[in-house]
Amino acid sequence: MDKAISQEIFIINNLWMMIATALVFIMHLGFATVESGLSRSKNTINILFKNTIIPAIGLITYCLWGFNLMFPGGEYKGMFIGFTGYLGLSVPANGLTSEYASGQYTYWTFFLFQAMFAATAATIVSGAVAERVKIWGFLIHSLILVGVLYPIIGMWTWGGGFLASIGFHDFAGSSIVHSTGGWAALAGVIILGPRIGKYVDGKILPIPGHSMPLATIGVFMLWLGWFGFNGGSVLSADPGKVSLVLVNTSLAAAAGALSAMFTSYFVTKTLDHSLMLNGILGGLVAITAGADLMSPAEAIVIGIIAGFLVVYAILMFDKLKVDDPVGATSVHLVCGIFGTLAVGFFGAKKGPDQLVSQLIGIGCVGGLSFTASIGIFLLIEKTIGLRVSAKEELEGLDIGRHGMKAYNIESSKYD
Amino acid sequence: MDKAISQEIFIINNLWMMIATALVFIMHLGFATVESGLSRSKNTINILFKNTIIPAIGLITYCLWGFNLMFPGGEYKGMFIGFTGYLGLSVPANGLTSEYASGQYTYWTFFLFQAMFAATAATIVSGAVAERVKIWGFLIHSLILVGVLYPIIGMWTWGGGFLASIGFHDFAGSSIVHSTGGWAALAGVIILGPRIGKYVDGKILPIPGHSMPLATIGVFMLWLGWFGFNGGSVLSADPGKVSLVLVNTSLAAAAGALSAMFTSYFVTKTLDHSLMLNGILGGLVAITAGADLMSPAEAIVIGIIAGFLVVYAILMFDKLKVDDPVGATSVHLVCGIFGTLAVGFFGAKKGPDQLVSQLIGIGCVGGLSFTASIGIFLLIEKTIGLRVSAKEELEGLDIGRHGMKAYNIESSKYD
Amino acid sequence: MDKAISQEIFIINNLWMMIATALVFIMHLGFATVESGLSRSKNTINILFKNTIIPAIGLITYCLWGFNLMFPGGEYKGMFIGFTGYLGLSVPANGLTSEYASGQYTYWTFFLFQAMFAATAATIVSGAVAERVKIWGFLIHSLILVGVLYPIIGMWTWGGGFLASIGFHDFAGSSIVHSTGGWAALAGVIILGPRIGKYVDGKILPIPGHSMPLATIGVFMLWLGWFGFNGGSVLSADPGKVSLVLVNTSLAAAAGALSAMFTSYFVTKTLDHSLMLNGILGGLVAITAGADLMSPAEAIVIGIIAGFLVVYAILMFDKLKVDDPVGATSVHLVCGIFGTLAVGFFGAKKGPDQLVSQLIGIGCVGGLSFTASIGIFLLIEKTIGLRVSAKEELEGLDIGRHGMKAYNIESSKYD
């Protein structure tokens, strides 16, 4: 344990990291509800099932090998069920005291915080490929994404790898988490093709989500979870750093909401609720890379740009017939890239050298996630199949795969 | 930084204030879900949209000028994007360290905690004027309420203004937050008039809410958020003070639930779920002014009275043809006034002098919020219009304004 | 106050216990939503009402006498509204400072944390007896369970009673909380008999839940709450202990999900969403007794077994015509017993002596909860009646008892 900090500060830091872990955990409920709310009711269970089982897969694989794959060096080397020695499921030899702390938090705390992050990338894919993907094929890709691709990509920066050495800055993962998921989502959408009935006779037909309350609950849960996602990425309870990060995070989300509201109003002449919600998420994703570097004013500017980008990205993807039911690629890929670039244009590290580092980082993350995901999805398609039958797609995946419907409501239909 | 407390205690206090901020944030989800759950499905998106965009407006306006308007003096003066110098969006000159801390928490933490409070007053109005208000008119009133009225009213007490100097005690805002919103809500309801079909031929027709699960989720989220709303208002992690406040808050909520259950049972002979939920909220609002002064037994008594008041206030407003779809005026105005008065009757400060101070505070808060809101709503009505057309009201605001319905559910309708 | 810890550590410990309290509180929303989601829409308000009013009853009764009944000795004796002197609603004589702290947290914090636990046992019963129980009869049983049976059972171990003296280990209440509720649930189900239409002509007819999104929200809220339920049961913010407990808790939940998924897939050939959700809950219940003693690998094994047990227990209870609509007895009773036994087979205390202690504890808890609940339910049945009329059961308890339906949704029914 680092002797430079007091026992008290160690306990406080660890406490904050544990609470941040709980907040990141609740993001999985956010993803489950926002994605199912923005999809059709006949595929609701399928999405809920995927987004519940993915954190489970993420926790277990991260425990078995992912954690050691992502943080292979230094004091963590081989200290857990892991890559360097994953036959033994042993507790660290030095027991259950705080001795195995890194000075800021315990070994267990660090594991759990990182494990909660790990599943996020795969959860992002879930929404984009929703309503037509075969669940086993999807889960195989998720297993590889969570268990192999994400830890490797994460190691490049957070585990002391080559992106760290060139100065790539991605504070809480605009690229490492969100773009990784976004690129994989784009790969999945390209291989799968659009849903039946989305693009007909050259027209883009709207397929509205089935429950705006559910989608709204999801966005609030994600915003709440981002207090831990970004705030916890300070890796201590440092008052000045964490509180600035939280201010920037919330201001970017708020600016994203207002920006997407006005942008979509000028485009559609309606106050589109789901675009406004995606504006919040876009702002949150975009501030994530540099939440520790920005002033509040810069955070607002980043949020405004992200809200604008989300709306136009959703329109653009639809024109390209890239059918992403929930807008996950626009939120996580487009705003993830933008946010990572923004570190070169705004904040304490801005400058041409930093911009080059950011571009290299964006390219490397995207290169691995996208090409590997294309390969995995193609392999699945050629073997066990990636897309459900047209009959099952029309009937809905809930009946086909889960044996029941998501809703069995007798309503008074009072209006 | 106050030298009387240790670095460790400063970090702990700041941590608790940041967590309390996250809890207050989630109250906005609570308002969104309880208000939409208690309204009709055809106006659901409209409510969700308002209650999502209001916190965004609140955060941005509070950052631009509201914070400095509310806390104009002392060490915060001009230190932020603000009233005394709101052209520059600059980071405080002394950097991003904990130097600008007040001794209990950082400048950023205090800003964000207060900013999360700021939007609450407007969110209260949202429910009361639901199902017939034009959204742009509503948002203009919200902007003024959040950006001008609330910071001024808050400054009178919490910013060291004249109500503070006469000893007015409103711990976490029974009056400053809840009555401010409640008076504005009452103004809106009076100017708007009742919904079509509510009062017909001298009869009061029930218009039940469309989703009791949604309303229940909302009340639990609000109760959870109140841990931060009241607990954070201690402005430190002081163990004795915060834990007593939390005990009082939860006991008042519980007593409000039971009291409203029995009161409504004697009146309606049914176990009315929405009245019981409003009893919880009434108890929470009522304990807010004096949560730091009461014994647990007094908190229970205050909760019992609040639960009783909520039920009768809802009945009374209906008799007066004041049509508040979600009972917001009964909860936030009636119980807010009661809770503020209760500081004169119960707890550590009770007495005739305190009662006079409380009455003055109630009058001043109500005077500004109500008269200004009447004026603003009238002005909106005369210019851009405040109420949607009868056609749009009957069709629902979701289709008219947001271009879609909140629910698109294919249900098995298994019963 | 224990002089061995610093003022800072006391504040941190107290802070964590307060946050854990808020997390345990939100479990009541989890129970309300998971139980209503897994039941039919016509009984939704009834379940929401019960699960909202039970925490209210729990808080008030625990304040009036339950807390002193459960922790009768030592420094807490008679210090609160309580068993040894429950006529006076007085604040402790030594005032509202931290003086009445136990060294880890204040008197108020300990009360509120324990009070949030108290209602849990009764909430478990709610789901099992749903869709046919008379609400007043149910509430009378809940009052006795929360106010008398649970505090007495809790005192045996946590209050320094005879089970503590024989070395019975139940860290956060696999038996004390979950089995207590599970046994009472089983008693209720036996006395009530199955729902109309569940077992017809020797066949078991499925009665699917009405909202999988609601059930999923519930399980995530429960998992989130378990961070406080288990993490708070350390009774301090000890970094090593709390973080290990949280790792074990999450890994057991994840393993339970995967185990139940595969088990139910081999049985039903579908990916049953509600069984997977119950696998998570089973894993959480099972790890609760020994979350402080296990290694992560052992936590995973316990979760796997629990996920398997839940699925087969649900099938078994159905074969025995024990009709539990939400699987509460399988989750809380079966996995509660298993988790308590697991302390004898796994972890730091395993061994034959410990196993004997665990068996005695399981027997004593079950003996009191089950026999007392059988007696109470029988007495209610003979007097005011326990089961609603067949007419009311078919019509739904919402209309019959609460005067409205839970949902009044006009949906586009777009599919």
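A few comments on the model shown:
Per-chain numbering from 1; labels A, B and C assigned in written order.
As a convention for this text, contacts are C-beta pairs under 8 Å (C-beta built on N, C-alpha and C of every residue); 3 or more make two chains touch, one makes a residue touch a chain.
Just so we're clear, the structure is a prediction, and the values are computed from it rather than from any experiment.
Residues touching across the chain B and chain C pair largely diverge in numbering: under half of the numbers involved belong to both copies. Seen as a C-alpha superposition, chain A sits on chain B after a turn of 120°, to the nearest 5.
Note on chain placement: the centre of chain B and the centre of chain C lie 32 Å apart, centres being C-alpha means.
Multi-chain contact residues of chain C (touching two or more other chains) are listed as 8, 12, 15, 19, 40-42, 208, 210-211, 217, 396, 404-405, 407-412, 414-415.
Chain B makes touch with chain A in their complex at residues 7-8, 10-12, 14-15, 18-19, 21-22, 25-26, 28-29, 32-33, 36-37, 40-42, 44-45, 48-49, 52-53, 55-60, 63, 81, 89-91, 96-101, 105-109, 111-112, 115, 135, 208, 210-211, 214, 217, 396, 401-415.
Every residue of chain B that touches chain C in the complex is listed here, in rising order: 6, 8-9, 12, 15-16, 19, 23, 40-42, 208-213, 216-217, 219-221, 223-224, 227, 231, 237-244, 246-247, 250-251, 253-255, 257-258, 261, 268, 270-273, 276-277, 280, 295-297, 300, 396, 404-405, 407-412, 414-415.
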